[in-house]
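In the part that follows, the structures are each spelled out as structure tokens.
Each of the two complexes below includes chain A, the first together with chain B, the second together with chain C.
Here is the complex of A and B:
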């Protein structure tokens, strides 16, 4: 069984946020739910400043705090390393959101069908799309996945449930890369099997020093960063996304 | 017509209980109920290859389509420009495709102009008849009264040109607000059509001169291709020095940041030239053999020429032959031309142009530039030294079996030409690379994607400056002899035609994918002028702010869902051609532009016949013989492209592109790529280090009575002068610059909700030190007030201040493309365009009528 991980090359990232958009379209996430987020950072004082960028998906921790606190087993760890959310089982208690030190959980405060950026309720459009919301709705997300055949793919499922990055389970199970990785224009994102010594991710981690975010908390993230250093208390976020909710 | 990339659904759909697209998942309870097996038909998946509609470089796309509905747009893996990836705009445009806030149907205005429109939805027939009637009438009266304006052509501009020519209209583009000053400088100096970019496969040392690496494009490409090539070059060890008032643009890719004072790039380029000459790191062989540097210049500034051969012919410029000790025509066999010295020929004192340049540079020392540019002199000297070392003058390399000069230093510069001295600054930067011999050498300075001498090489050298009356943008005038065709000049002329010697005012305006009011400099100027158009028609998928205020008719254009092409797809190393193929039928009542133009031309009576639109389409697409469109029948758009593809030798016709999207022609050979690889090198042209014709224009302009403001920058060698904006009173103590954000592209992106979410509101970047001095906290609302140093006019907008350490303390910056689309829920509250604050008139234009995005402002708490 493969054990998946993501490797993010900070030297290559331009902070373009194409990964954010690729995730949003692929996973049909509603307004303000940014499963993949890209920090744009500034450090230092003029003229000795440094600008850099850091993509932040769910860390898919092996010792995931969110899994431990989930009272109903909706958040669970798969054998392939993915930290999954069964939206059918989620009761919306938001314990995972509190437990996660990375802030990757998004709660559906609104009925997702009414929270897809625009009012898609349009006669002329329905004539073409059959009234699907959003019109680019991805049917792959509606399949059950894994040997357990659980409902773990995609976003915008229901009001009152938690959603987060799935590592694009629906793509990974078909042998495809997660949408963010597949699209990265600068090839800064890598994904693959850490158990396979010849995978790109294994090779990159052998070749370059890496770090994981908040490693000291013992969460054992499956997202590794190369080509940079973690942010410090001196790191300021610029151009932050303050999404309209 | 479609390719299938995945067949997984055949298996999993049958087993798992298929959920067809629908409202099944929209309710809380429904989400818990899977559809019963077999309740829905199987999903039909197709992949339609097409081309991005948002940006300028037209990336290849595969549209994933399920049951006829597009569900995602992904990068086309074979397309050289994007290699299977897309920028955030490319991904997010799927929302624009379906957006119910698009202009759905033709609309006719029912209220007065100059205020937000009230509209009546009409049939295509009614709208087209009205438009055709107006165009017919104006053409009968005087075709010059018909102005056609476009922002960006999203393919080869053949159908635009054909329409303008068939209609006899006056055409205006967007280039003057882009980098046309740089284009003119390169065309004039080197003969190539473009601005400045490196040969990334070989460049080892790059001056990133105002290149917005992480947010915008550069020469020829919009964003994705350049950064892809940049990271490869960096991983190979290329050093990058960033010259920019703000660092954010370059991000962490900067090895060194020189925060230059806005508008002073010419001074820095001159000081670098001066230092290179002083330290002697110059490529003499290139200067002697491929430039006009050895041409002898008389005391009056003009070349010394041989006696004319014929009555019409001008004599050949002479050089000083050091072998024979006399002046001989520059192309004399075996000549050893002097670059330096002073000689007496035909009783007049003459010097080689290079000697003149050397003396010209003497006062432009690093110490002098340090004061002007606010970059320490020792750093300027070090950069010049590094340039000289990295240029490896004299070295060669073998590419494709051809031995070529190897000069791995280059400049990447594009929108930095949007400044008062933009034309001469770009020229000085090219001259810097000329001194190093890097022009078209391996690893050196590139201008175009391939070596191709542009028609402007000759044209810009032989402008015949005329007496009035002039046309509406002052072509061949004593004001702007080299002229990029500026819409804001047109606007100014419309308000004061007599002042400019123009004897008519245009009446009918066609706006195609252009939104001058917010997207060009000087919104208030355009507001005034556009009131004078008697009839305005806009072709646009969106209700642009301009259309909302001034259009009489709006015709809904399709976005990505139409046939359009052919589209260049080269990444400079691999050549390819692509097409835009409709991944679904045009949404709502929208239509592709070519169809719209054919219908207008038909109804206005200029579609058919030898001088009609169809004949011009044949000409522009070079459709001849059996491939030519018949001149008596309206074709489908697909047929036009089918004929084009077959004429290119593609047997399957346009079906090839419907199947593959892009035709990759293969690597660009060195022979086609490098000017040095031509026989003779550069096809024998002599690059213009010395701009003799610029001096001629200056004198003619003076003779014809043009004011100094027009002729002062027509100098044979780039010459520094104090900037107009610096004449503003001292309370306007900050420079305002503008910049692009990766999220937005012109008027086609900022209303796309997925993008607007990432960058919801206009803001002002300000250094915290500067802000604190004014009592401004991060996030405070402030007024930004600009001042026109010549007219005294002030303008202001209210925005939110954002602290940034990576910007000069004397400079503030605002991004572009906020508030461009009217009546879109996501455009509401985006805030003002920075273009209110910039001026589009004299003092704030280059000598080539190109716009500047620089002005002095003051900033205070709102």
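Here is the complex of A and C:
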């Protein structure tokens, strides 16, 4: 069984947020739900300032606080290390969200169908689209995955359930890279199997010093950062995406 | 043969104009709450002020969770007081035993409804908790120990405790006779039966006290073991919950007892002695809780890490300062009032009632302050400060829940004697009836 991990090279990231866009298109997430988010950070005092960027997917922690607190086991760990959300079982209590120190969970506050950037069923639009299936309605997202055969892929599922980054489980199971990794123009994001010593992630982590976010919380995240340092209490967020439902 | 309808004690079964108005007003608020809830069901929880923690800069738990904790906290009073009366043979407190039990049962029902108001998929919540419940989740204790176990134990206690009165009232002919007969279920108040009941309720009271501590603690653990939220992770959280539960519960019990004393006109049964005991109990609980507040304050400001201090700052001098200091004042002032009464040994019922009301406002404030600031001001990654303000939907639902609670209480008062029926009252009536009937 694989042990998937993501390695993010902060030296390469330019904060273009292509990963954010790729994630939204691939996973069909409603407005303001940013499963992948890129912090733009500023440190220091003018004129000695330093700007840097930090992508923030779900950390897919091995000792995940969200898995521990879920009252019905809708949030669970897969054998391959992915932290999955079974939206068919979720009761919407949002305990995972308050337990998560990274703020990666997104609740569907509205019916997702009414919360997309583009209303596919709009009358004016229908003239162009001709009633076809929306391109973001990828049939792969509706399949059950893993040995437990639970529907954990994709977003924008139902009102009143929690969703978050899946590491694109529907792509990973087919041997593809997660959408954010595949679409990064600068190869700042890497994804692979830590059990395979020849995988990109294994080689990168052998060669370079790395850190994980809020490691002191004991969450054992599966996302490693190289080529930089963690944000400190002096780090300020700039150009924040102000997205609220 | 003339069947004379006996008057039931404490105005049971008699609804006068004022009661109809009261019930009507309460029903109106319940309907308002239901309407608000229907909006929430139809549109989704976007109609509330809650939003996601992180990029959305919100609080994902808001007023509903604060009131889950508050209502469950209020339930403390009832059964504790009832069990203490039973275990320590506090005969003079007997008149408040049943109203305390009813308060517990109603508060727990309201707590369960608040949970349903909060979850995104209420129907699925009920089903999936039976199918997939995980004991590892701190919520497990809330659902099993608090809502199920505690509520069930309280209902059994209320039932056993009321059986004698039901048996007595079942002798009086009237519309409610069948109901009392069903409640009594064959109980005839013979010495042997009474002895058996005494024993059963004694052991139940012994079992309820530890259940009470564990149940309120599990609710504290919902917050207290979350390392990812500064301001929550504290060993004081669980015992603090138990204590604040006691403060709010006893406070509300005082208010209810005072209202019933006035409405039912029973100043002799609910004597000043009863209020004196409740006032002293409330004073001890309040000062113990204040001690916890001070210990927590020192720990989280003097030696806490950065994010912990940020949350404390928001509480002490920041956005939540007005609520924090108001809540603290509403604990300190009642304590001083009660303490002054204790020292001078001159008790004033209106002042005790005022203290009961103030500590409840304080309890609501403190619950809100536990739930919300750690989400808006306690993100460990530099997301920036969040904001949360409840909307009319949340206020209406909470108001509706209070109205529902009051309504259930009023209906109970009109259905069953809220205080133990004096032996003389019923036996005389029954004897008279036997004579007339014969």
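Convention: the second predicted complex is superposed on the first by the 231 of 245 C-alpha atoms of A that agree within 3 Å, B and C clash if a C-alpha of one lies under 4 Å from a C-alpha of the other, contacts with A are read in each partner's own complex, and residues count from 1 in each chain.
Definition applied: contacts are C-beta pairs under 8 Å (C-beta built on N, C-alpha and C of every residue); 3 or more make two chains touch, one makes a residue touch a chain.
If you're wondering where the values come from, they're calculated on a predicted model, not measured in any experiment.
Novice: Evaluate whether chain B and chain C can sit on chain A together after superposition, giving fit or clash.
Specialist: fit
Novice: For A:149, decide between first (touching chain B), second (touching chain C), both and neither.
Specialist: first
Novice: Looking at the overlay, does A:69 come into contact with chain B only (first), chain C only (second), both, or neither?
Specialist: After superposing on A, A:69 lies in contact with chain C but is clear of chain B.
Novice: Per the contact definition in the header, classify A:79: touching chain B only (first), chain C only (second), both, or neither.
Specialist: neither
Novice: Contact-wise, after the overlay, does A:32 reach chain B, chain C, both or neither (first, second, both, neither)?
Specialist: Touch partners of A:32: chain B and chain C.
Novice: Applying the document's definition of touch, where does A:241 land relative to chain B and chain C: first, second, both, or neither?
Specialist: Once the two structures are laid over each other on A, A:241 reaches both partners.
Novice: Mind checking the angle chain B, chain A, chain C on Cα centres after superposing, to the nearest 10 degrees?
Specialist: Superposed on A, the angle at chain A reads 130 degrees.
Novice: Is A:185 contacted by the first partner chain B, the second partner chain C, both or neither?
Specialist: In the superposed model, A:185 contacts chain B only, not chain C.
Novice: Would you check which partner chain A:159 touches, where first means chain B only, second means chain C only, and both and neither mean what they say?
Specialist: After superposition on chain A, A:159 lies in contact with both partners, chain B and chain C.
Novice: Rounded to the nearest angstrom, what is the minimum C-alpha distance from chain B to chain C in the superposition?
Specialist: 9
Novice: Once the complexes are superposed, what residues of chain A are shared between the chain B interface and the chain C interface?
Specialist: 32, 111, 158-160, 241-244
Novice: In the complex formed with chain B, which residues of chain A make contact?
Specialist: Checking each residue of chain A against chain B gives 11-12, 14-18, 20-22, 24-26, 31-32, 42, 44-47, 49-53, 87-88, 111-113, 117-120, 122, 124-125, 128-140, 142-144, 149, 156-160, 174, 182-187, 238-239, 241-244.
Novice: Which of the residues in chain A come into contact with chain C in the complex?
Specialist: Going through chain A, the ones touching chain C are 32-34, 37, 39, 41, 56, 65, 68-74, 89-95, 97-111, 158-162, 213-214, 217-219, 231, 233, 235-237, 240-245.
Novice: Under the definition above, what is the set of chain B residues touching chain A in their complex?
Specialist: Chain B residues touching chain A: 6, 8-9, 12-13, 16, 18-28, 31-32, 34, 43, 66, 69-75, 82, 84-88, 90-92, 94-95, 98-101, 104, 213-215, 223-224, 227-228, 231, 234, 247-248, 250-253, 257, 259, 584-585, 587-588, 742-743, 753-755, 757-760, 767, 769, 802, 804-809, 825-826.
Novice: In the complex of these two chains, what residues of chain C are touching chain A?
Specialist: Those residues of chain C that touch chain A are 43-46, 50-58, 60-61, 115, 118-121, 124-125, 128-129, 131-134, 136-140, 143, 222, 226-229, 306, 375, 379-384.
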